[in-house]
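Here come two complexes built around subunit A, the first alongside subunit B, the second alongside subunit C.
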Partner chain A sequence: MKKQILERILIKILYFFFFLFVIFPFLWGFRTSLAERFETALIPTRFTLMHYKILFARPEFLIYLKNSAVISLLTIFATLIIALLSGYALARLKFSGQKLSGLLLILPLLPPVAILVPLVSYFQKLGLYNSIGAIVVANVVFNLPLSVWMMRNFIRGCPVALEEAALIDGCSRISALFRIIVPAVGPGIVAVAVFVFINTWNNFLYAFALTSSQSLRVLPQGILSFLGNWGTYWGGLTAAGILVMIPPVIFFLIFQKWFIAGIFGQQLK
Partner chain B sequence: MKIHKIILLLPILILLNCSQDDSSTIKFTHIYDPLAGPQGKMNVDWIDQRVQIFRQKFPGFSVELEQAKWDQIDTKSMSDFRAGIRHDVLLTSPQILPKHALVGDLLDLSPFLSWTPKKIVEFSWSPVWQACVYNGEILGVPMGAHTRLCIYNKEMFRQAGLDPEKPPQNLEELISAAQKLTRDINGDGKTDIWGLGIYFGPSRATIELAFAPILWHFGGKLWDEKTKRAVFSSAAGIKTINFLRDLIYKYRVTPPWVLSGAYDDIVLRGFLNEKFAIAWGWGSYWIQPLEQKGWLKNCFPPHPDAEMTRAGIFLTPTNPKAQFTNAWTISVHSLSKKPEISVELLKEFVEPQALKNFPDAGLPGTLSNWQEPDFQSDFYRIWFQAIKFGRSMPRTAHYEELASAIAAALQEILVKNADPEKTLKKFQRAYNIRYAGE
Partner chain C sequence: MIKNKHQEQAQAYAMLSPMLLLLAIFLISPMVTGLIMSLYKTSLSGITTFVGLRNFKLLLTEERFLTNLRLTIIYVIGNISISLPLAYVLAMLITKKLRGATLLRGIFLLPWVVAPIVSTVLFRSLVDPAFGPLSLLLEKISGKQIVMLADPFWAMGTIIFHSVWRSLPFMALFLASGMTMIPRETYEAARVDGAGRWKQFTSITFPLTRIHLIIILLTISLWTMQDAETIYAMTEGGPGYSTEVIAVRMFKESFINFNLNNGAAMGILLLLLGATFMFIYTRISEKD
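Presenting the complex of A and B:
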């Protein structure tokens, strides 16, 4: 009995240290965002909202925020549509080369930076360079392989009988997809949307490579700008980091139940 | 809305966002983000002013401002050149200009500038100009001067029984002063004030601010321009690394924590928080924080009555021409459709009167500015001397790789206590296998 209690206490202590290890960078970032510049004490002698006020006083922060939001929403929208249609085709239709669909999982292993120069060149030729559209297309392309694979698995988990009944009743395939499959794979769609949102919201590379205008910059670029050539403005950097973290966290908290169900392939009642 | 309509609408939305490449628009790429702080905003405002003057002179042309991060602007210029994307005027780093020359993304400005010898002297007095001229081609024009020297805390000098008006003149005096200044104030057996703060972290700054100046002082070189090979493991290189190591482990005047962290965290914050009595590698870009702290008076912005109250400065006690000096340079992209007009925009930015107000110039890069009354104080005379004693980094197209190789070697020696000679030779060999002969 005593041994069991001791084990439990030890496990709790281990959990606590693990929690501390994970949470410490966030706590330290939060502390720095509320401390005055050049404050080195573990607990600052004076707390200030100065860094947050400075951020909101600068129109650039709101511009970058808007750009990041627009790009993320357009990317989610486009990725979901393509992933849903492709995932459905892979799950339900029979066509030649279908067995090669597993190769989709290899594509995300390709580091985007390795093909950056040809990618930029293609976007330039397409007339897309230096536009929001370029960042959206790049994000969609690089999010698609995993999104399609996830959708395929969710759709395969749906009973075929329901869909067949709808087809017998005169429903077209596309109509059956949207009336029968989409409601059934709701958690899966949310899981894909959250996955795409987090990837896109945090993405720096495509905005860096495919745009150069000041008006098209996104939040990760803004955050990096605090790392100056002759010094780093840690207060501003951490304040921006905390603010940038809020939307994905809210997004996750709202859709947490669906996201977890989607990831584990469960159906919600 | 039906799904197929939505799908059709998406590409249209994307295409509506596309930009047009118009040759009457001159693109100027800079590194300043107003979000990053007041300094960024001040630089962007200065750029806007120059652009407005340019537009008054050339009403047929507009200027589009582009932005890249300071450590990515050179890479972006080169990769965009390869991808066929034009820029017109851009800021560049002098250390990377040889790589630009290899890639060919920058225009030779010699045929366009048509400057008189007097005008060229405005810039050529500074060591940064030497970095701008590569194989007879002018690839950039300096926009200021960033140099480094040593700073000291006068109050700590007094407390240690040293004359605060007589800073060290050579390396021996520096070590002797640092030993007297290193103190345990509260008697707990731990050092509270370190005599000498110098950055040895895992970055390029260690090479530029610590290793190279001492190596040059001992008569060594990082890279040989004739053979185009790395030569940092020479006898002078080994002497340098032993000197740096002794500061921490033999003389104990420098704390071991300078081996990690960022340059500004160690040197700037270490000195302002009174952890160091002397800081080596103090940049001209850090005059403002000293003024804000009240350790200088009338030094920022420059004023004839500039006074060093609590902080004093002195030239790094090495031989002349042994202190790394650089600045931002301004160049024209070789894909520019209007090189003549682009050069006119460049000229607008490097007018001496304009550069005087350029916040990121650091110190003036143009000679005529140094003759103005604001720069005649003792404080600025020392800085002027530091620039004249300055030196640029070796003109190799693989400077970043060279600096990384040396930084890795230094970390192994200083942190893991590896054998200096063997380690320097190992990293030199590895570099030369890949890059010797360029």
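Presenting the complex of A and C:
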């Protein structure tokens, strides 16, 4: 009995250490974004919103914000439509070459930094270099394999009976997909959307490689340029960091149950 | 019936076509183009000439590139050898039924949800020589002031530490998802046979999650190997070339100096390195 209590305490202590390890950089960033500029105390006595105000007073920050939002929304929309179509075909239809679908899990392992080099010259030839469209296409392409895979698994987990009734009634595959499957796999669609959003919103590399004008920069690029200009003005830098992390963190925390089930399997839900 | 089969097949291809087209044009064919580009050289005046394997030969005999390669391996192995044992411990904690565990699990995944550039900024402020808590801690322990990102050893240390912080939660959750598939009875039977905690781990948990181990090792190794942005934002590969891994060198060469042919050659070498990791891990998983 005593041994069990001891073990319980040990588990709690370990848990706490992991928790601290994970959370400390966030707490530090939050603290720094609210502390005065040359404050050195771990917990400051006075707080200020100055750094956030400075950030919002910069017109380029709002442009980066708008670019990131537009690119993320377009990418989510395009990826969801394509992933629904492909996921449905993989889950429900029989065709030769079906066994190759496992390749979808290999493709995301290819290094984007290597594929972007030829992509730069592709987009230059297509006249898409230095455009929002180029960034969206790159994001869609790199998100597609895992999104399709997740969608396939969600659609597979949904009962066939309803759809069969509709098909017998003369409903086409496409309308069965959008009228019956889509409502039934709602949580799956949300999980994929959150996954794509996090990847796109956070992505730095595609925008950096595929554009050159300052007016097309996305938020992570903006932070890197602030880092170059501001050096060690940590108040402003952490404030920018906190603002950029808010949307993905909020979406993730709201939908984490579905999201974790989608990526790591149902048991951990 | 036969007609139906053909119809179904045609329908499947039609529905798959947007994905297949996009992947073929923007993912598969760039790899072929990359291979071709790596065999050419572009002069300053913009004339391209075929040079065969010259780009590769120059890279593989260049001291700087060999350092890039060595640092890439140090980065990957450094990250994994710290995060993997910790991930097993965390995974076992996560699979224990505790109050509030669901909320905590979400919080544990946050490092993975945050943009790499943002977490790099957080870590850079943590090691700021004037007031960063980590560098103050190091100063207390070592008794001397160390500017962490200006010192080759500590710069690499900071980069590996940051990447452990980012990889650990994902690894732990993935291993945990494997552990939840092991039936409770297996452990109960082992306990009846008198197996202790360590014995249960080595004879049940570890072997039964081996496939999860291989998948997560491969994924994290390749992610770490490809990571250019966090190192670029942390140190730009410096001081000197002391943190310049292949991905960073390639990033600088291609998108800052616009030496695309050389960048393409490095991309091919990076792919080969990834394939080597894959080969080693699948060999390990086939063994015994």
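Definition applied: the second predicted complex is superposed on the first by the 249 of 269 C-alpha atoms of A that agree within 3 Å, B and C clash if a C-alpha of one lies under 4 Å from a C-alpha of the other, contacts with A are read in each partner's own complex, and residues count from 1 in each chain.
Heads up, the rule we're going with is that a contact is a pair of C-beta atoms (placed from the backbone, for glycine too) under 8 Å apart; a residue touches a chain by one contact, two chains touch by 3 or more.
None of these values were measured; they are calculated from a predicted model.
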- Superposed partners subunit B and subunit C on subunit A - clash or fit: clash
- Determine, under the contact definition given at the top, whether A:148 touches first (subunit B), second (subunit C), both, or neither. second
- Partner chain in contact with A:130 - subunit B first, subunit C second, else both or neither: first
- Message: On the A-aligned overlay, A:64 touches which partner chain: subunit B = first, subunit C = second, or both, or neither?
- Response: first
- Query: Regarding the shared-chain residue A:213, is it in contact with subunit B (first), subunit C (second), both, or neither?
  - Reply: first
- Touched partner set for A:232, first subunit B, second subunit C, both or neither: both
- Message: For the overlaid complexes, name the partner, subunit B or subunit C, with more touching residues on subunit A.
- Response: C
- Item | Footprint overlap on subunit A, comparing subunit B with subunit C | 38, 40, 81, 116-118, 120-121, 137, 208-209, 224, 227, 232, 240
- Could you please specify the touching residues of subunit C with respect to subunit A in the complex? 5, 8-9, 11-13, 15-16, 18-19, 22-23, 26-27, 30-31, 33-34, 37, 86, 89-90, 93-94, 96, 98, 102, 104-111, 113-119, 121-126, 128, 130-131, 133, 165, 168-169, 173-174, 176-177, 180-181, 218-219, 222, 225-226, 228-229, 233, 247, 250-251, 254-255, 260, 263-264, 266-268, 270-271, 274, 278
- subunit A residues touching subunit B in their complex are 38, 40, 54-55, 58, 60-61, 64, 74, 77-78, 81, 116-118, 120-121, 124-125, 127-133, 136-137, 174, 178, 208-209, 212-214, 217, 221-222, 224-233, 236, 240
- Item | Residue numbers on subunit A that touch subunit C, as the complex places them | 11, 14-15, 18-19, 21-23, 25-26, 28-29, 32, 38-40, 42, 81-83, 85-86, 88-90, 93-96, 107, 109-122, 137-138, 140-142, 144-145, 148, 173, 198, 201-205, 208-209, 219-220, 223-224, 227, 232, 234, 237-238, 240-241, 244-245, 248-249, 252-253, 256-257, 260, 264-265, 267-268
- Item | Interface residues, subunit B side, partner subunit A - complex | 3, 6-7, 10, 13-19, 27, 29, 31, 33-37, 39-41, 64-72, 76, 79-80, 82-85, 87, 146, 262, 264-265, 268-269, 272-273, 283, 285-286
